[in-house]
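A, B and C are the chain letters, set down in written order, and residue numbers restart from 1 in every chain.
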Amino acid sequence: MASRYIANTVAEQREMLRTVGASSIEDLLVKIPPKARLSRPLALPPALAEGELVRHMRELAARNADADRYACFQGAGSYDHYVPSPINHLISRGEFFTAYTPYQPEASQGTLRTIYEYQTMIAELTGMDVANASIYDGASSLAEAALMAHSVTERTEIVLARGVNPLYRRVVATYCDGPAIRLRDVPAPQGVLEADGGAKLVGKKTAALVIQSPNFYGCLEDIAAAAEIAHAAGALLIVVADPVNLGVLEAPGRLGADIVVGEGQGLGVPMSFGGPNLGVFAAKNELVRRMPGRLVGATVDRDGQRGFVLTLQTREQHIRRAKATSNICTNVALCALMATIYMATLGKQGLRRVGELSAAKAHYAADQLSKVAGVSLRFSAPFFKEFTLRLPKSPSSVVAKLARKRILPGVPLKTYDRALADCLLVAVTEQRTRDEIDAYVAALAEAVK
Amino acid sequence: MGNVPGDLKYTREHEWAKRDGDRVRVGITDFAQEQLGDVVFVELPKVGAKVVAHQAFGVVESVKAVSDLFAPISGEILETNAELPQKPETVNKDPYGKGWMIVVKPSNPAELEQLLTSQQYEEFVAQGGGH
Amino acid sequence: MSGYDKLVFELSSPGRVGFSLPESDVPGPPVAELLPKKFLRGAAAGLPEVSEFDVVRHYSRLSRMNYGVDTHFYPLGSCTMKYNPKINEDMARVPGFARLHPLTRAEDAQGALRLMLDLAQMLAEIAGMDAVSLQPAAGAQGEFAGVLMIRAYHASRGEKRTKVLIPDSAHGTNPASTAIAGYEVVEVKSLPNGEVDVEALAGAVGPDVAAFMITVPNTLGMFEPRIMEITEICHAKGVQVYMDGANLNAILGITRPGDLGFDVCHFNLHKTFTTPHGGGGPGAGPVGIKAHLEPFLPTPVVVKDGDTYTLDWKRPKSIGKLQAFWGNFGMLVRAYTYIRTMGADGLRSVSDNAVLNANYIMKRLEADYDVSVPGPCMHECVLSARRQKKQGVAATDIAKRLLDLGFYAPSTYFPLIVEEALMIEPTETESKETLDQFCDAMIQIAREAKDNPAIATSAPVTTPVRRLDQTRAAREPNLTWTPRG
């Protein structure tokens, strides 16, 4: 049966074989040793016609509690922020999404210009000098930052505040294994970095101190204080931040960050069960030659016209090979494009509004939820759009009960920290209406009776 | 192959060395800069750093390529060319003059004798030892 | 192509808005009063202020400055620039997939988990492997994961092996990924025809070598004829063998890495399995393994427990994690859609036609260009512009001239072991007419090189910009826009 994705008809194949001088396609496979040849067809399910396939996929999709049908109060690194309508239309233009990496810049000015815009906007939001074109996600971005700090300072330890996302910490540990970089953790019993604890662990062997704000529990951290601790010991400060929040929150660059990383998914990228995401990476100018990832720079062409190219490529694997700053090649350019269009669409005023609405609704929700009998805010530190609730009943059982009411109440923290086994991490974005929040409060009251 | 001044010594990694009393000035050859193309960045060690003969002491980058810089002799770095960070193109324009890279105090002056003469270097490059 | 030259910041007008957000429906003080001042931004971030229509027109115009597979033949070698089916895009956007939060409990994500496990099993079957992890975000991360698993394997057997052997024809991510995993990279020289020097390899494998990493077919588009001998030689010395799966499009349903003796391989879903390239990603780089490496898989692993699908986090010997969550699920949906569309016969037809198309191009061009290795080739062929270079036209000039003739260029200067390399991979989704048009253009360029090299060296002239000053971009990096430009 002919495939709609393959143009060659049997007649055309015959003609081409004649030109090539072969009698069948088998003749072209002659270099493959016979004993290596598959002697049977691949054992795969039979091909589906498009209509059948769609039915099958919709059936699979129907078994998932997605945020269109459920009120989503889950966060922890992936957020239900509203995605303005133009984004999907624009990124679906074939010239954007079917293009390759812009190695031939004359035929890729569209991609190159959008990356340059992206770099500019991220640098502005984070308060840093330069941003790259993206890493895979917030976690791998942080891991790359740790490797970079190690390479720049030639020191062998990374100190992480406990408020750093535990899933990120796992990825950092994986990346740091090869170069034998040691990870050390500063406890956060009050939900935020303890200055004394930090100062004790950060020393001559520390390549970088890593702090996340708002942190995994939702609490805002004192980045300036962390910067002092790090710099006093000659270490770098790496800040993990959610760029969506930076319309309202102070830029980490202005508080002493040397490298800023984070998850950009909230900037118009679908949650999509955790990927693809958008790893944000920004740094100070003096570190630019040690940065991982692609960089787009402005220049001129033969006629003096403005143009854009991939630049400082000698850092990268295709030139530097074993000594490259990173092994990254394909990154997440289309997600960066979603973010670029999002930031352009929301703009100066809109991104601020998203943050204000999210914070306002989160504080209202926290207020109302902690009035439910037996429920309280676990930490007293200031928070932004996410907070940790202590529940009188098992959080997993609460999640199960509220699922029946089409509410996804948050992320139980037991698997991340046994000390917080009675806690639930709740995120509230501008998408959550007052009615949804009130319904959640009522359902929670019911569930913990 | 470019210019190969007769009064200098050379290495197979395309560095030149010029002795001046107990100081040795080092750079890369005209052939090397031609092969590299437009130099965009040079990474040099700090003054006081130690270098070891035939081991890398720095890096020179063009748009499409990176090369390690290898020390012709062992010793201590007395000076580095402060102009190169701002004007890496000097390496292309004047590789034997203003494009010098480091000045070394040799710890073992005998090593200088083991370097190639200009004639030996020319032969080496002509035999395809450059690529 | 358009003559547009604006950046979105240059369209900005204070007070213009492109967004639509509701008023707050909750009581309470404004943020400025909710939080201590030290946490808050002073002035608003300097993002553009443009209308929605400004956004749509601007990015639409920018898109027209790009060549994409949808509009142009895109024969980049080893990138597999095949047609990206639109149904993939529709399926990835189904709300049950696109709007699903990753930390939704397993009971409420059964459709997603089932899709992942089914995809992993289909990829394992395609590659002849025992298990597949879908977590790596791209080929390079797949390589990194594979090398880490090999490392964990040797460690678990109390063996300290410090080196990995990689051919000089390898893609740059191979040595880069290996170095980050903590290994010393030892480059193995290929024979003049691009094949592995098996005798040299036999001499190089020893108790200090952890792995041999190779691309099959190789980066010259040729199947390694002694591949089974190679994997046997490695295994005899306890060396693991890794296959870079970038060129899988050549062998679907024909042979399988697992049957060739490989212990690990990765897949590039954005190459073989039609997930779109996106201008540089997102991709996905699942990694397949033989059973002895199973304990070391990245965490978590999707498993089926009775009738229920869950994430298994109890993986004490796992190499760890590569991404925060479970993989680039949106790309997994697209690849799954493709494999369910093609079936076994469809995938076999993919490789048959990919190989035929590449050989057709090689045959039509062999009179005018040097062929790096005599055919038949697999899904791609590598030509050398050695002859043209002597006439003053380098591979890069040929690439630029092709842009003017309406084609995206093939890969140039890769693999490193071929002088003035042009690596051409047409893929199976291109028609004979397109291949003929491309070959006619290449032949025209060869003739022009003889008569008038200036045509190629001054190309491109029809694109929105002409050749760009890369030196200036590297010497004076300008990486962010400022009001002065």
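Keep in mind that, in the parts below, contacts are C-beta pairs under 8 Å (C-beta built on N, C-alpha and C of every residue); 3 or more make two chains touch, one makes a residue touch a chain.
The structure displayed is predicted, hence computed values, not measured ones.
Most remote from chain A, judged by the distance between CA-atom centroids, is B. Here the two chains linked by the largest count of contacting C-beta pairs are A-C.
Measuring from the averaged C-alpha position of chain A to that of chain C gives a distance of 19 Å.
Taking the mean of the C-alpha atoms as each chain's centre, chain B and chain C sit 38 Å apart. Separating the CA-averaged centres of chain A and chain B is a span of 44 Å. For chain A, the set of residues touching two or more other chains reads 313-314, 319-320, 323.
Counting partners per residue, chain B has 40-41, 61, 63-64 as the residues that reach two or more other chains.
Contact of a single residue of chain C with at least two other chains is seen at positions 470, 474. In the complex of the two chains, the chain A residues touching chain B come out as 289, 313-314, 319-320, 323. Against chain B, in their complex, chain C makes its touches with residues 470-471, 474-475. Contact residues of chain B toward chain A in the complex are 40-41, 61-66.
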